[in-house]
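Each chain carries a letter (A, B, C and D) given by its place in the written order, and its residues are counted from 1.
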């Protein structure tokens, strides 16, 4: 299996997650011309876990479609992902991408296995209409993943309005990312394009597959404000939500704790035991304490209480580089691999 | 003029603001038994400005009502402010308090001079019904002050629903306050009692003085989520607001920039030139860059844009220990002093 | 096995390390009257790993000597450890302590198994002269542990002068510890008693057991400056060292990487594979990236280079709550357990 | 007066310091092609003080020697300062530079007015031998400035050995500088070239002007370790110093507090009242509390105590972008201006 964009922050996170994976083995690393030809272990490794020796020994290849293995994860920067991912999919690769470029394409599944595993049914039409030999599947923005998971648990109550303010970690900006003079002891109340992504992608994730084989957006309204805070990993979201009809506190609590999806039923290797962990202490979830639980694949929720305006409010925490990026893509690939093996 | 609770974090901020004040001179410092009898300059001073030498030389007195000067600022902890402030007001002092205890008392003005200077008209009834020789005036919670100022600028449009998520600075918790192991690289999504204070006090601040001489709460609904972030000074608020009738972006912008109140008209010493400073850069306001402007007495607003749910949304920044605490009380005292001098 | 002072920061670290230990099982938790009688899981747990369910279910007992199991780890605060540890040792417990109180007692081994495993030979004399049924063994200060390990690797070259400046993590001050207003974006150039502990304990650790059965301090001179920096875990030390005779860069490097001690030879469960990990990148070790490697039990060293004054200088990093506290005590207990089993 | 490299971090600090200067008026801003032609106020301003309106209105010029005013401050990056500063000096400008490039040139004064005002005597020889119509004067590295000031106060005791470990602020790396993912809750034990600069520049600063008109390096030995810590402004230095003959604690303390230099005698506008402020509290100086005192131009010292190895040790704090960069250059220019006016 290969990784496109293996040298960046998300690329490194892919390697950290896949170094010991029971199904996938990293055998091919591709990146821009600048890194191509170098031994991967000679490039700057910045994660607090050690780089596996066999991956360190790999030579970085160029981004040449058709060359690497069939399955490739894309951690490409959006400045190159647009064209490159199409080339790889066209050439026969299954591209499991974290890039934003094709997420809203009507023929590309925007997938969170606990939320909309059925959207994979878009792939035959994708293949046909795009004329690709391979396929392209994407995972959402780092804030949209956990938000969509929380809303999927509540889907039965028909959410109509979702107002969210995010407090996002520094690792979400990649490396070098946010200058320390901007980040230290500060809040930056703006992240380019983030609010639009959260608002749109959440509606596609919860959308339904129509008879005609396309995704119909969920009709709810989402309004987002995105801020950056000096946290290393873990996006916190302050969420207010309104429903079509009155729902009780207990019904929501029960829905959160009872929630499971395909990954749990299929026991996929990266599936957390519970997709949503509800914490009862009144000052949780907290990024520094909670974000790494279950390998960073659970969404943590706390402080469920009435919202005088929309109905209910709560606080959510998701690991942005794992559940919100590399881990999301790995889980997507595991679901696809399982489907392939059992089809 | 005196300070009750002179040794705590807010007490120190009072001294920093009043050390050079054109109207008021600090001549009396009172605190708990633990500090009484000591030279103020021998106690721990923690602000990044130097303690004035004449104040350092003062001996700390006990909290004995009737003993100090007529005007006293109260920076007392809520555990003692309840009774102590009543004793001082009863004994003839004018108590200008930052404590939360009496803020919601129907006979006690909860005052922000730009917002509700007319609420000072409660004082004659207070004197009569309480039987006090003196008076008690309070300033609101550190998040409610700037929120009420923003809403006062928009009062003419009749705000009906206000949804706010705060990102609050560490100095808001006093000293020693938040342990560094909780604060560092973390978000704590809970501050005890804070959400209730924001929701209630904002409605009293924007309330109207009825014919019968009491404050009628403003009918809008306020829903707050309070979080703590690793910032030293400056509370950021992500605010969505809805109005009775449609209002345009330009009308709101114009209302923010045109807003002035009594302190500006009367040129009170601590009045900022503009109570609201609107910043046009898309990544502002930021606590580390903006919070100290105009001596920390301005409210900074930015990112005004449509909210798909409530109508409009924006980001606000207020200096929590100055505009949200000690500076708020000083401005209250200046307004009262001016009224006295011109009555 | 039991833990004295189970509710504090070091007590929690003991539980995190021992929850899954192959030799030791936590069956008894003791703490001050304030916590006694409560279920351990109902007290505040602050570590980013989950509290094991079987330990959560334990009821906290009082600090009653003679009551718990034979082996007890002491995470007691120094204000109570002095008397309490003597009572437990006298009553027949083997007390493996992290407290500072008895470290410099000539009859109490101050133990780092890689450095001075032979100092355990003090125990028979301790038993006899103290009249204790049990025993007391201590581990050093969190900065002295890794410093002594680095110097032990160089012992053959006869270090004579050691000048060290520490940059210590917040977790070293326990909980609540350093107020966030002091810690955030700041350096505090003072930690009470720390410099004296580093200077004295390092000399005892490297001291030799004399014929008469007491420890003779190592004759080197140690001069320390201790500072606090806003890091969560991991004490960094900037060290200059001089030797009796000239030593080459290569000899030191070789000594660091070749260094092993009793724990490695005996394959004790908590022994890191290499006690000293030398990092060749010029900007390492760094607490955030390196401190958790090998479960926090390795000492990381980097930047070995000439010191124009003393001869050689380098930078060292040790995990203060693991290798410098709870993990140090666990390794001490493992060494003692092994000796007992093989004697 | 002009500023070369006006758009970078140090360039902005020059503007903040010179916006209101009694002698100098900023009339010309020069920068790289990228910014040339733009209105200065349209470029990103990142300091927490407002950009003066008259300077905001200036159009940025290219780095064209001979074009701007006679006096120019250089905040140029070292990648361009080498040639550019020579061109400006050759063309008749008096270049007062913060760049590192020419600091160790035997004909270029490396100047701290309190330390070696007499080194300005190099200028006639510089003019003659270089064939320049103008002149070039430099200020030292941000750590070398305060270290040299502390040593200058002790010069009479003949320091022979100086061992220093620095804990340097983020602003020392400019903008964007250190990525926040590297800086947050971390220590980076390396700053490129920093240790060499501290070791060499300190010896030149304390050097003596020989009969032949060149600077003879001070014979002391300096050994430095430089680290980066998550502090915004203010470099802390842990310093041990040895002297030719025994010196008492009191003699050093007296020397620190009695120290004054040319700027104080001449009452230069940027001169702090006392170049060295000795703080008696045992946990000071601290960057967040002390660094801005006296406009950032004082050096703060504390914790003077015996060093068992070198004799004495203490902790020092200097404002790296003011006393260690832009403020240092401004003071240099003030000294030169005063000499010119009184010659």
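The definition used in the following text is that a contact is a pair of C-beta atoms (placed from the backbone, for glycine too) under 8 Å apart; a residue touches a chain by one contact, two chains touch by 3 or more.
Quick caveat: nothing in here was measured; it's all calculated off a predicted structure.
S.K.: Could you pull out the chain whose C-alpha mean position is farthest off from that of chain A?
M.R.: Result for max centroid distance from chain A is chain D.
S.K.: Tell me which has more C-beta contacts between its two chains, A-B or B-C.
M.R.: Contact tally favours A-B.
S.K.: Centroid of chain A to centroid of chain B, CA atoms only: how many Å?
M.R.: Centres of chain A and chain B (C-alpha means) sit 42 Å apart.
S.K.: How big is the gap, in whole Å, between where the Cα atoms of chain B centre and where those of chain C centre?
M.R.: Taking the average C-alpha coordinate of chain B and of chain C, the gap between them is 48 Å.
S.K.: Listing for chain B: what residues touch at least two other chains?
M.R.: 46, 182, 184-185, 230, 232, 288-289
S.K.: Based on the touch definition given at the start, go ahead and assign the chain network to line, ring, star, complete or other.
M.R.: complete
S.K.: Can you check the complex and tell me which residues of chain C touch chain B?
M.R.: Against chain B, the touching part of chain C is residues 46, 170-171, 175-185, 230, 232.
S.K.: Can you name the residues of chain B that touch chain A in the complex?
M.R.: Those residues of chain B that touch chain A are 161-163, 165, 167, 182, 184-190, 199, 221-223, 225, 227, 229-232, 234, 236, 238, 240, 282-289, 302-303, 307-310, 313, 315.
S.K.: For chain B, which residues are in contact with chain D within the complex?
M.R.: Residue positions touching the partner: 46-48, 50, 184-185, 232, 288-290, 292-293.
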